[in-house]
Every structure is written in structure tokens, then in C-alpha cells.
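Some structures to go through are shown next.
One chain, subunit A, links the two complexes that follow: it is found with subunit B in the first and with subunit C in the second.
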Partner chain A sequence: MHLTVSYTAVILLAAALFVIGLYGVLVRKSAIGILMSLELMSMAVMINLITFGRFVHQSPLNSWFFTVFLMVIVAAEVGIGLALVIAIYRNDRTSEVDDLDRLKG
Partner chain B sequence: MLNAIAFVILGCAIILGAFSVVTVRNVMHAAYWLLEVAVAVAGLYYFMSAEYIAIMQLLIYVGAVGMLVIFTVMITQRSQVDNERPGVFSLFAFIASGLLFAAIAYGVIKSPSLVASAPQAPMSLLTFGQQLFSTNGWVLAFEIASLLLTVALVAAVWWTKDRDN
Partner chain C sequence: MSVFFLIPVFPALGFLALLFLPRARRNRLIALGPILVGISAVLAVVGFIRYFPGRAIGQSFANVSWTLARLGGTKLTLSFGLDSLALVMLTMVSVVGLCVQIYSLFYMKDDERRGWYFCVLLLFTAAMLALVTSGNLLLIFAMWEIMGVCSYLLIGFWYKDEAPRRASVKAFLVTRAGDLGFFIALAAIWQACGSFQLETIIKAAPQFSAATVLVIGIGLLWAAAGKSAQLPLSVWLPDAMAGPTPASAIIHAATMVAAGIFVIARMMPVISLSHVALSIALWVGIATAVFGAFLACFQTDIKRMLAFSTISQLGLMFAALGTGAIDGALFHLITHAFFKSLLFLAAGTIIHVTGTQDMRKMGGLAKHMPIMTTIFSIGAFALAGIVPLSGFFSKDLILEEFLTHGHPVAFALALVMATLTALYVVKAWFTIFVGKYRQEGHVHEGTLLEIIPTAILACFTLLLGIFNQGWLGCLGFKVEMPTMEMASISTGVMLVGATLGYLMYRFHIDNDWLAEHAPGFLRATEARLYTDAFYEYVIIKPYFGISKLLWNIDTHVIDGAVNGVVALYGRVTKVADSADAHVIDGAVNGVAAGYKHLTAAAWVADAKGIDGAVNGIGTGLKQTSQIARKAQAGRIHVYQRAIVGAVIVLLIIVLFVVLKGVA
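Presenting the complex of A and B:
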């Protein structure tokens, strides 16, 4: 017995991961929580790329390249984001985005 | 195709872990759940015969990004507990996310099947490396990525520098 699933199921799984990340971005108050939710969303995008490369395209090579370069970009984004969180914490003694309302007027 | 038992186990691990990441109030526990999700996604890559990507996922997400997040939580979180938003806002966010998921699922299910008819060519890491560093391949993107990482490193050091003294 060798049960298999179609690529549609994997795409739906990635979509669920993406919307869970979106929910986290909307409801989290701490900036680190928002960054973690953004990472969930980027992981969903990478699952999509690998799935299409594996099941739809003839050769998965291009999906591998896209995923590796996306990982580089996400690593840079998280590094900058966390550095900004630390800088904001050093200035304002808070890492909650609701407290950063100086531009509100 | 993908083994169904492995897919169900990994899918449950991914969904439940991701839900814990966004709902657990303790930010440190959320960071641990993020590591769990990253490991489960690496397993999913492995079962989709992308072993190299699975190893890269473990190295970059679990090894580098996860540790960075945990260190930042330790540096900046005073109370460890994330404050809750009002219930109305959370409900609104839940409905918006659910609507987006419904739209995506409708599009995915209604769209015609895209599965390639020809059998998959076996993927070799040798071809991947040769394409990555060939001048008519991806070497320009590789160089731009290394430049991006350098700029990000310098910017992160500059932002976290103590400017009081």
C-alpha cells in the first residue's frame, strides 16, 4: 500500500500556513511576534515554490534556485528587523508596536 | 508523489505549530514553536525530494534565524508575555484571514490540474552547483545575494550600535 497525495493538498497546506501568519501579523503586539509571523508567511511561499517545482514543472531545478535566494533575502530581512527592534528598544524601552505612535500627531 | 502518511503527520505539525506561534502569549514559547514549524517544513521538503533545500532550511531557519529570534527575545522582552488585543480586533483579523484562505482554496480547487505528464528527471546536486556558478546561469544572482547579505550585516551592526558614548 502506497498512499499518495496530490499537489493540491500541499498548496492548501501552504495557504493555511500563510493565512495563519497573516493572522499573527494582525493580532501580535510585540514586534518580535510580528517578525515570527512574517517568517511563517515566507515559509509558506517556499513550500509553494518547491511544490510547483516538484509536481508541475519538468525539472525542480529552478524552484530550488528561487527557494535558496528567497532564504537569503528572508535571512537578511530578519537580521535587519531584529536589529531595528533592538534599536527601538534601546530608545523607547518598549518593543510593542502600539507604543510607537510618535507620527500620529 | 508524496507519501500520504508523512504528509498528514507533517501537515498537522506545521498547522498546529503555526497556530501556537501566533496564539501563545509567552513570546519565548512562540519562538520555540517557530523552531518546531521550521523542522516540520524541512521534513516536508525532504519528502518532496528536495533534500538539499531541507538541509538549508534546517541550517538557516533553525540554526541562524531561530537563534537570532531567541536572543532578541532575551534582550528586549521585559515581561515575556505579549499583551492581548481586544477581542473584536482579533475576531476581525480571524475573519479576514479566513476569507483570504477561502479565496485561495477556491482558486486552487477550481483551477485546472497542472501536473506534469512526463516523469521527473532525477535531481542532482552536481547540476545545481554547476548552474549556480555558471555565467549563463545564476552567478549574477549569487553575487547580488552575497552583496545583499553584506549590506544587511553592516546595517544590523550599525543599528544595534550603542550611540550614547
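Presenting the complex of A and C:
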């Protein structure tokens, strides 16, 4: 199986995903929105990993392997993140990150 | 590349333009919607005339395709094809879309999120237009999903209320369950012929094994049943009426629900290879047709009645496809799209004017709004199948197909459905327009923005039937005018239904009467013959049961183990605590007492010399920390921006160093 999609196209896709995610992280007010944006960013990372694995190394197996690991880790991370959001929401009745400034020095 | 491939592009551009604008500016630019869809509509009509009279379905006038990627030896392509079926659909969707857009200018004018409404409507129109021109099943699937999302967004448009929210989730989940079938069919097609191009699939279809054809057929039928609200996936459509009325008109009555029928018609050369799939379509369709028409008779809410009527009409089309011929179903699809969107838009005006959706609270509207009454009546009578409106011709064609393909039982059931249709239409018509207005307040005629689009649709409803030979010839169909026998049979059952409907109105045989004389029957109709209860007991309840079970395992077994460990730990620490208090504390206290004596002497030296220095440092630190404190805003965004800024600076440095190294 040979996938002849151009290298730049995939990298650009990953870059676009990453930047969209970054934008979301910076401007989203709700913690859930931020988590979703983070998710996008990690997707971009995975795409990059696979692409470089394919185009730089001739054997893509390593990158596939790591990506599967990454997926599991990201899923777990989102689970924890959502649990935190729920816990925060139960305490403060809000999940807007601007209202959560108890760490203010 | 033909210019007509730009038809879906205009609404798509409008969607992109509105999407990225802030709300206030978006709200000011809503006129973009009707303008862009208008351009598409003009182009579509021009295309229809340009290629008139067309060729048989599937022989395209123009093609365009891009290769996205190459997988092994096979190409993954995006392709569009313009054949006569696509042209007819393009014209229908863009004209109905244009009318709905114009009407929405009036209907949504005071909504604070009207910009978003038009934005979604544009995306929906673009997706539907792209779906009908698409020459690739994968592309059809993508557009199909986009329309699902638009439907979800528009049903839940007034998300602050409970009902639209619930309805939108329900519609999304149920149609998603249907999409699973599409996915399975796609997998089977790929496995069988390694391509998603429609013409390749259709050419290769005769070589498919019987099992493959069956899987493809049932998968696609299941998907179409989800989109076109056929049993058992019909439960979402009546609830979908919680959305804005013009959106219901285009999405949940005229076009999106027709997408299921359209896809089946497109894939008919494959599906018709399997007799099992065909008879499933026939019987599911006819059951849905009777089911929907039956329930429509007992609705008091005007939009709900129209929703059940939509389910029943789609059922008739589905059944017509089950005969293996597509002309009747496509004919009815087009005529139904026009008269049903007309009915919805007119109903929107009636609801707006009377402030209620309950038909029992209306009445006597014919005196106060004669123009709207005329327009609504054209739609309603087309639905009932009265000569010479479009619904009469298309329904008769379907009835005839049942007979010529040897399905007399389906024919009889379709007659029952036609009777019921005439019954509820006539009953509703009398309830709404005749008698005395049953509420306080003044009723007025609709504005020009309401009358113009509905009048356009009414013209189509009047003319499509009479001139059917002309435009259906474009699809390569040879349509005869209904024979005298068929016309008299269908007019006969229509008259029976209409008389029954009038009698029910005249003698007040309504839901109150039923509640008195047959409460069990009324309860069954209110529960929609228990279709919702079916899902409640088969899927939702067991799901919650399993969740509850897992919760119990969690709280009792896992938490119990954790608590046990904690309790054990508590015991151990108690022992350690008493040992600590008596043995170790004693020793420590002894040492401390000695130390205390020593420090008393050191204290004096300390207070004088060292404290001074320490306080000095402390004050200095405090002042520094006051400055540093400002950075500790406690806000995530401040930190995030700092991190991102730092990363960018680092990147610049690294790039600088690297580039210098390269140079």
C-alpha cells in the first residue's frame, strides 16, 4: 500500500490543527472548551509523528506504535481532565476558567 | 468544468463568510442568505433549461473530479457529475431553499441569533446541493453527515428551552443509528469492487455476490430509514418540530428527509438486484405510510400533524421504491417537497398570527387572511390528492406502479393511507379556516415577505402535476396521464376520506370525544402507538440498568475495598500514635527542656543583633514579592499566554541559531 499524498499537505494539516487548538486554548472561556482544544493539539502531534515516521524513516512501525500509546494516554488525560472539571464545577458551580482565580497571589 | 458545478459553491461561500463574523455583524448580513441561494436557484433553472430534454438517469452531461490520494492501486477521488436527476433535484432544492430563505427574513427578524440561523441554513443548502450532484458514494456520505449536523443545530436552535434540546439530541442519535447502515454498506461496496464511484459500482453490481447485494441493500435502506424517518427509526421527526418553522419546512419536510429516498433511487441499480431488500423497502414503506397517516388524524398541534403527514408521504415514496421502479417515488419526492414546504411556511404564518400551534384554538381564519388561506389550501389539497394539483398525479403514478408490479396488498394499503390523508387534511382545514375564531385578539393577513415565497411554491404545486410529461421526460421517464379508472378510484377514496373528515369536524368527534368514549385508544395515539415506549424499554431502560449495576459495583465492591484499607490503616496508626505519645514524646520533651534552658541565654543575643538584620531582609523580600505577586494572577489564561509567548521566543532563538548554523 503506497499512500501518495504530498508530505507538505499532511504537515500543513497538522499545523492547522495545532494552531486551531492553540487558538482555542488561548481564547476559550470554558474549561471543557480548553480541554477539547488541547485534544486537537495532541491530534496534530500524533499526525506529525505518523507523517515523520513515514517520510523520514522508511519503516513507519515505530511511529504507529507510539501513536497508539499516545492515543491511550490522551484518552486517559481527557478522562482525568473532565473529572477535574466536574469536581471544580461541584465546588464552585462554574467551569469558566476566568472565575477560578483562587491561586491568585 | 461546467459552470453549473458552482451551484453548491455559492451557499458554501456564504456559510464561510458568516461563520467567521462576530454575532452583531452576522446579524446585519443575513440578506446574504437569500441572495446567494437565489444565485444558485437561477443557475439551476438555467442549467435545467440548457440541458432540456435530458438523457436517462446516470448518463452525465459533465463531470469533474479531483484525486485526493492514492491508496495502493486505487484512487480516492472527489467527483461531481451532472445528470438529469441531479438537475431536477438541484432546481427543486434551490428553489425551495430560496423561498425558505426569503420567508426566514420575516420569520427570524427579531431573533438575536438570526445570523447563526442563516449561517446553518446556508451550510445545509450547500450540503444538499453537493449531495445531489455528487458522483461518489463517499462524498454523498460526507454531505449526508453535514446535513445531520445542520438538522441537529436547527432543531436545537432555541437551546434555552428543554424540548428543543431533547429533540435535537434525539434526532441526532436516531439518525446516527441509521448512518451505521450507510457505513456498513460502504464497507461492503469497497470490499466488493474497490471503488466508491457511482458509475463503477453500478457497472460492477451484476457481478456482486447475492450476500453482498443484500448487505448493501439493507445497509442503505436502514440509513435511508433513519434520514427519511421510516419505521422503526421514525421517532425523531415529530419531535424535530421544536425547531424554527421555516427550518422545519426545508429540512424536516422538503429536502433533507428526501435525501434518504434520493440515495436509494441513485443506488437502485444495485438494490434492485436483491428481492429481499426490495420487499423490505415495500413493506416498511407502506407500514410507515399507514402509521403516519393514522397518527396524523389525531394530532391537535398543526406542526405535529404536518410532521406525521411527512412521515406517511415519505413512507409512500419508500414503498414505491420497493417496487423496483424509481419514477413514481422521484415524481412524488419533487411534488411533495414543494407542497409540504408550502404547508409548513403557511403554517408558520398561521402560528405567528394566532400565537398558538393548537388547531382547536384557531378557526375562522379564512375571513381574516384570505390570501394565506388560499395558499395553504392549495398545499393541503395537493396533499389530499385533489385534481388537478401536483399531489394527485404523483400519488396516482405510485398507485399504478403497485398494481403493474404485482403488489395488490400494498395497493390496498396505499388506498387506506390516501383515505386517511384526505380525512386529516379536510378535518384540519375546517378546524383552522371555518367557523369562528376561538381566541381573543385580532388576526391579520401575512406580510409580503411571507406571501411571495409561499405563492411561488403554490405556483409550482399547481403546475408540476399538469405539466409532468414535460419535466419528467427530462429524467427519461415516460409518464402517462393517470388512467380514468385509477383517477376515479383515487378520487373516490379521497372523497370518502374527505367526507369522514368533514363529519368528524361537524359532529365534534375530536380528542375530547375520544377521551370520553375510548380513552385507551386516545392514549395509544398520544403515545404514538408506543414507538417511543419501544425505545424507552428496549434501549434506554436497559442502558440505565447496566449503568446502575456498574455504579453499584463501583460503590460497594471497589469503594468497600478502599474503605477497608483505610479502616485498617486507621487501626494501625492508632497503635502507632499511642506508642508515639508515650515513648517518643517523653524523650523529645526531655531533650526540649534541656534545650529551652540553653536557648534562654542565646535569646538575648539574638533579639538585639540578628533580628535587626533579619527584619531588614524580610522587608526587602516583602517589597520584591509585592511586585512578583502581580504575575501570579491566578488566571489560567495569563499563564497560558506566558507559556505560549515563551515558546515563541524560544522558537525564534532556536530558528535563529539553526539558520545561522546552516548559513
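Operating definition for what follows: the second predicted complex is superposed on the first by the 99 of 105 C-alpha atoms of A that agree within 3 Å, B and C clash if a C-alpha of one lies under 4 Å from a C-alpha of the other, contacts with A are read in each partner's own complex, and residues count from 1 in each chain.
The rule is short, and it goes like this: a contact is a pair of C-beta atoms (placed from the backbone, for glycine too) under 8 Å apart; a residue touches a chain by one contact, two chains touch by 3 or more.
Owing to the predicted nature of the structure, the values given are computational and were not obtained by experimental measurement.
**Q** Given the touch rule stated above, what does A:Val56 touch, subunit B (first), subunit C (second), both, or neither?
**A** In the superposition, A:Val56 touches subunit B alone.
**Q** Taking the superposition on A as described, I'd like to know which of subunit B and subunit C A:Ile80 touches: first, second, both or neither.
**A** A:Ile80 contacts subunit B only, not subunit C.
**Q** Just subunit B (first), just subunit C (second), both, or neither: which does A:Tyr23 touch?
**A** first
**Q** Figure out whether A:Leu100 sits in contact with subunit B (first) or subunit C (second), or with both, or with neither.
**A** second
**Q** Touching A:Ser37 in the superposition: subunit B (first), subunit C (second), both, neither?
**A** A:Ser37 contacts subunit B only, not subunit C.
**Q** Please indicate which partner A:Phe69 is in contact with in the superposed arrangement: first for subunit B, second for subunit C, both, or neither.
**A** So A:Phe69 only meets subunit B here.
**Q** Looking at subunit A, does subunit C or subunit B touch more of its residues?
**A** B
**Q** Which partner chains sit in contact with A:Val5 here, subunit B, subunit C, both or neither? Use first/second/both/neither.
**A** Both subunit B and subunit C are touched by A:Val5.
**Q** What part of subunit A is shared between its subunit B contacts and its subunit C contacts?
**A** 2-5, 22, 26
**Q** Given the complex with subunit A, which residues does subunit B contribute to the contact?
**A** Subunit B reaches subunit A through residues 1-5, 7, 11, 14-15, 18-19, 21-22, 27, 30-31, 34, 37-38, 41, 44-45, 48-50, 52-53, 56-57, 60-61, 64-65, 68-69, 72-73, 75-77, 82-85, 89-90, 93-94, 96-98, 100-101, 104-105, 108-109, 114-116, 118, 120-121, 123, 127-128, 131-132, 138, 141, 145, 148-149, 151-153, 155-157, 159-160, 162.
**Q** Spell out the part of subunit A that touches subunit C in their complex, as residue ranges.
**A** Subunit A residues touching subunit C: 1-5, 22, 25-26, 34, 97-98, 100-105.
**Q** Would you pull the subunit C residues touching subunit A in the complex into a rising list?
**A** Those residues of subunit C that touch subunit A are 68-72, 628-629, 631-637, 640-641, 644.
**Q** Tell me, which parts of subunit A touch subunit B in their complex?
**A** Answer in residue numbers: 2-13, 15-24, 26-30, 32-33, 35-37, 39-40, 43, 46-47, 50-61, 63-65, 67-69, 71-80, 82-87, 89-90, 95-96.
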